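As written, the chain order gives the labels A, B, C and D, with residue 1 at the start of each chain.
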Amino acid sequence: MSKPKVVLAYSGGLDTSVAIKWLEEQGYAVVACCLDVGEGKDLEFVQQKALKVGAVQSYVIDAKEEFANEYALMALQAHALYEGKYPLVSALSRPLIAKKLVEVAEKEGAVAVAHGCTGKGNDQVRFEVSINALNPDLQVLAPVREWSWSREEEIEYAKKHGIPIPIDLDSPFSIDQNLWGRSNECGVLEDPWAAPPEEAYELTASLETTPDVPDIIEIGFEEGVPVTLNGKHYSLAQLILELNILAGKHGVGRIDHVENRLVGIKSREVYECPGAMTLIKAHKELEDLTLVKEVAHFKPIIEKKISEIIYEGLWFSPLKDALSAFLKETQKYVTGIVRVKLFKGHAIIEGRKSPYSLYDEKLATYTSDDAFDHSAAVGFIKLWGLPTKVQSIVNNKKVTV
Amino acid sequence: MSKPKVVLAYSGGLDTSVAIKWLEEQGYAVVACCLDVGEGKDLEFVQQKALKVGAVQSYVIDAKEEFANEYALMALQAHALYEGKYPLVSALSRPLIAKKLVEVAEKEGAVAVAHGCTGKGNDQVRFEVSINALNPDLQVLAPVREWSWSREEEIEYAKKHGIPIPIDLDSPFSIDQNLWGRSNECGVLEDPWAAPPEEAYELTASLETTPDVPDIIEIGFEEGVPVTLNGKHYSLAQLILELNILAGKHGVGRIDHVENRLVGIKSREVYECPGAMTLIKAHKELEDLTLVKEVAHFKPIIEKKISEIIYEGLWFSPLKDALSAFLKETQKYVTGIVRVKLFKGHAIIEGRKSPYSLYDEKLATYTSDDAFDHSAAVGFIKLWGLPTKVQSIVNNKKVTV
Amino acid sequence: MSKPKVVLAYSGGLDTSVAIKWLEEQGYAVVACCLDVGEGKDLEFVQQKALKVGAVQSYVIDAKEEFANEYALMALQAHALYEGKYPLVSALSRPLIAKKLVEVAEKEGAVAVAHGCTGKGNDQVRFEVSINALNPDLQVLAPVREWSWSREEEIEYAKKHGIPIPIDLDSPFSIDQNLWGRSNECGVLEDPWAAPPEEAYELTASLETTPDVPDIIEIGFEEGVPVTLNGKHYSLAQLILELNILAGKHGVGRIDHVENRLVGIKSREVYECPGAMTLIKAHKELEDLTLVKEVAHFKPIIEKKISEIIYEGLWFSPLKDALSAFLKETQKYVTGIVRVKLFKGHAIIEGRKSPYSLYDEKLATYTSDDAFDHSAAVGFIKLWGLPTKVQSIVNNKKVTV
Amino acid sequence: MSKPKVVLAYSGGLDTSVAIKWLEEQGYAVVACCLDVGEGKDLEFVQQKALKVGAVQSYVIDAKEEFANEYALMALQAHALYEGKYPLVSALSRPLIAKKLVEVAEKEGAVAVAHGCTGKGNDQVRFEVSINALNPDLQVLAPVREWSWSREEEIEYAKKHGIPIPIDLDSPFSIDQNLWGRSNECGVLEDPWAAPPEEAYELTASLETTPDVPDIIEIGFEEGVPVTLNGKHYSLAQLILELNILAGKHGVGRIDHVENRLVGIKSREVYECPGAMTLIKAHKELEDLTLVKEVAHFKPIIEKKISEIIYEGLWFSPLKDALSAFLKETQKYVTGIVRVKLFKGHAIIEGRKSPYSLYDEKLATYTSDDAFDHSAAVGFIKLWGLPTKVQSIVNNKKVTV
């Protein structure tokens, strides 16, 4: 009888390489699965390495466009920043990876899927809740969390089983990357009083080394989707990757965040999101021009909830679908062009225009073209302030009597 | 019988100078009242000008510390940014000016107070609702809104009555300033596709001319109040003014905003808030370190409402008092030091520390010091994801059957 | 040249009858338009009366099903109760009436539409904002608000122009009714300490006279829409009207509300909504069974906003469309049957069942069938309470040191 | 050396009686602690039983007034209803019990506290999070969750150790009660389609047996606190207990709820809260009269959060303190009298009056006393509807072109 199969989210690093062997020892045939969500790795190498270490099969899946259009786009349109700061880099890719693992597992007839997360991060929650939502019959394994070895014990195990030790193993950092950005934690970053060292960054130039001449770019949006860069059409993934280079060169998008993890602790993280931060800023400015006031004032409530449920691993939940329906409806008129000056770490919005602009110079002007009915204000103020006035009359009288 | 008195919010500009004469013609004795909220004007000159133009009395009141401690501080602790962008510069000073007008009116036995706002801005609402809340028996006059002259008619009237015409009359901009920042609207700014010209700015250096060497400063907070700068104690007003210079030199705090006015139109405004933006950023970072997760996640709801009611002129409303009570309670442990790098338009938080820091390296670390119970995560995830899982089991079954 | 046309929302009462004549005197040809939204009037009589008084044309439009399906249904699914109490009876019909007025105006080539509201109610806002949203070119006239006659002056004018005076003119109440309910204000109701007299009610029996035997009914929902009553299919309008009778007989749905009007004052209103309140209660119970926790806990935020914008006249606003998209997405699984006991003013939900029920007896039970993993709770509680525990350790230590 | 002490929350029932013996076997000296929060038990008997079963000491603490004033009052002023239905009966008493356990533990020098909850309810979370917040050094034991015996195994253990078996052991229900109400789950209630049987209720009469004559009562509030009943002063605990009898007699306050537990499952609960529901209703009506509109419209956001954190066991969290500060500030003017008709399961508010009433008949009336400025509405509507109108002009044009 053949061994039961497990599909493992494989990154090519030490943890998941050791996991292949460890899962094998538990009696599984391991199917490795590596996703390309824009992290720019040598995926051929990763694919081969899995087989070398012992996987019975090794998938590499290019999911960049799916990631851009189905995941990053929602974060963009929701201006999703967890706790006002973190653009949800890893939180966005986890549900997509989970989805692909489940698809491969169903195709391969696997009984389980496995991930390489430890027990104190957010990603374990995102993986497991997503997998349960997509196929509650699949078992979920978390070898790294289960074996709970020290670093030394893990290396010893790897050596014993002929698993190659990566040369950057003593890197002080723990990195995750996709086209929406790059996250970095651990090591010296664990002291929130210390500034992050330059080597913690990779996608963005330091302010000290950015060019002294700005780049002025124009981003074109159609119904909330960025579709052109300087007039040229791009697929969404390509546009984001292009912007990562352009804005990264000018040092845009460094974030240093002491955040509240879902599992109850605070951690200090460093993010780089040059493309994401430029797009979020540009998109918000276009909304400022095209969204009617009531929508502009309520959408942030939706945005906050979207940010939270994505961070908290609830991507595949009915609440996300409902929030998404709201969001989509608001994007109908978010069409236009935003001019951005990339310079010294800034993505400065210099101009915005739209065929659906609700900014009306005739109403806004103080010149003789003025079309605003100034006398209407008198009645407006009277009724706007009426509750306050009545309560002042009533309660001030009472207090003094 | 003596003429009834009116207390006029007097700025020294053309509009309110003409208003003195106009109110006089309506039968009032005009008491001019000019507040120093940190705009850095020559107030002696303003005081004398009022008398010269026809005021029977002319007050100048230094309200800088009151403004800082009773108004700007709430905005700081609430990270109050209307529509995520505007730090409420003028919106904060209007209620204080209204309060002083009412105090003077009560002292002088005046029957009315007057302001120089037109009929399409937000400030008329803020003045009138505040005055009604503080003393509903006082009449409110708005001469500029009432006379509705063209610029030419107003100048002609001024000339006829010997009112001096300011030399900067043909400035294309309409400015308001206090220690929390400076706002600018009109003229070329009315085209949202055009970048604001350099002459629109005054408190901040352009990025192109900022120093190539950063300033690193340390801001000390006690229970949410900034009290020291580089270890030296300042009153709050002095600390903000000092920061305006320091951060302004590095180009920090320029904001370009297409905003939704209370009176129903969109307008394009340019703000400069070097001190305010630096303080808000530093304060938020200290909260990230010291606020427990549940507070950190709910406080933004309160912050959003505070921003809105301040913008909307409801400062003297019972809702502000209740929101303020919430806010104060959250500041108990917001004590510590934030290190800020001022450089190229950025106020970069490089470090933060607090005796009440909830960041626990023992819990957050990935080293062998780890005190986090990794196995607890298994149970947590199981219950956290249970609703999603049950709904997946139930509804996926139903859909396929 | 022919007179310009105005389309008047005509009710058959004194105000709008006088308005026909008054508008004629202003130079308009008046097209009367009366909607049937379930108020149970003799509409043929109303139609004829308009012509008799001077309208050049008189429309009667049966809009009951459109009202039920496009307006009342959203209120039902949103459990829309303004300030937690008022089911938005009139607030729901105003936008539909406005829509029909605009349609008739466009068909008839009219230049204006007119309504009979006074200047202190909410309905004038709802009418005018709706009409402006649907066709901003149409002028809106409000004759009753404009002429500002006393009751005596109006009656004199009516007599002079041969306009029949209704026999119930000295009724102390001001009534509005449609299939979602009946509202009543004025007269003795203006004293909030006085209990409403029995004659204020019409759709509901007093508790003292309700039957001593309950009716037990079953309401069937499909994707959030009530479709059956005791197993029999009804159109939505018919189902609501049927329930008004059934539940009204048992005294269900009396509401006595001191509410905050949009125009800044408090008013005291009495409502009767037997069908609406029964349906809202039943629908909520089915949601309790079928909505996943995260949706159940966020939907009230949406519901509150929906209630407010409907009350505030913003039906035809992009925000309503976005909120509606959220709402629809949540109704997918709200299918099932609710058993209701109508008795002594109560609509008691006795039972609810659904093919999509997320209530799982195996998980919920305390019997030996228990499928819940009790040990998972230990890990859950540890992480759930971790932020509170860390802050207690940190801050209690600090306080005592 | 003496045994380490554990303080056990003792109810007198089988579970906690067995827990005394079981904890003893684990090597502890057990201090039993029973709180009187208004459940009306024979506490002398409970106290003695603990000693008989093996406790080294047995506390009975009358905490009724503390519970009323420090816990129930907040729920009342927040109109706290979890998921719009459940008045948080047990959720309110758990933190108080935890507090008393910790106090006794500190006084007795105990190393641990223990509770009798199983692993699938909410109460274990409330106990443990509260205890950790109050004294993170104390260990928390949950014997019933730990031993995980079947009912039969537990009874066998009890018999073996001479622990008396309660005579109502085969009651199908699981009850908890305090002065804020009574909760009941399990047994036949686990089928949400079945109506709760009459024997599930104890505090309230069935509608079929309620008196045919109403009681009309007057409740007096001072700054949000109910202080008189029919003009007579009561302590808060006595007032609530009195109302439980009065309103219970008329069948007020039965609630049947399918709710989402914190631990991820839905459960069906039956509650009886005659006093609580009467007070919440009366208090809300007095707020409707005395709260200014802006407060009335924002307070529900605070109320919802308060309900959630109480349900979720976060009573002793800084967020509760901040929410509570908001709440207190809103109660300043909630002073007055509410007249309530108790009849056939209803607490009908017939009248409300207050020296701080913001309801102004002069403004609200349609009679000739009318003080409302009708013409102000014209300006108000113009600006209120302006965003909608502009967007209609812009976007309708675009759509058709």
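As a convention for this text, a contact is a pair of C-beta atoms (placed from the backbone, for glycine too) under 8 Å apart; a residue touches a chain by one contact, two chains touch by 3 or more.
Here is each chain with its UniProt name: A, B, C, D = Argininosuccinate synthase.
As the structure is a computational prediction, the values presented were derived from the model and not from experiment.
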Where chain B and chain C overlap in contact partners, by chain label: A, D
Interface with more contacting C-beta pairs, comparing A-B to A-D: A-B
Distance between chain centroids, defined by C-alpha means - chain A, chain D (Å): 40
Centre-of-Cα separation between chain B and chain A, whole angstrom: 31
Multi-partner residues of chain D (at least 2 other chains): 260, 263-265, 292-294, 314, 317-318, 333, 357-358, 360, 363, 373, 375-378, 380, 382-388, 390-391
Contact footprint of chain D on chain C as seen in their complex: 83-84, 118-120, 124-125, 128-129, 132-134, 136, 145, 148, 150-151, 174, 185-186, 190-195, 207, 256-260, 262-268, 284-285, 288-289, 293, 296-297, 300, 304, 308, 312-314, 316-318, 339, 341, 343-346, 348-353, 357-361, 363-366, 368, 370, 372-378, 380-381, 384-385, 388-389, 391-393, 396
Chain B residues within the chain D interface of the complex: 260, 263-265, 291-292, 294-295, 298-299, 301-302, 305, 309, 314, 317-319, 321-330, 332-333, 382-387, 390
Touch list for chain D against partner chain A, complex: 292-294, 333, 355-358, 360, 363, 373, 375-380, 382-384, 386-388, 390-391, 394-395, 398
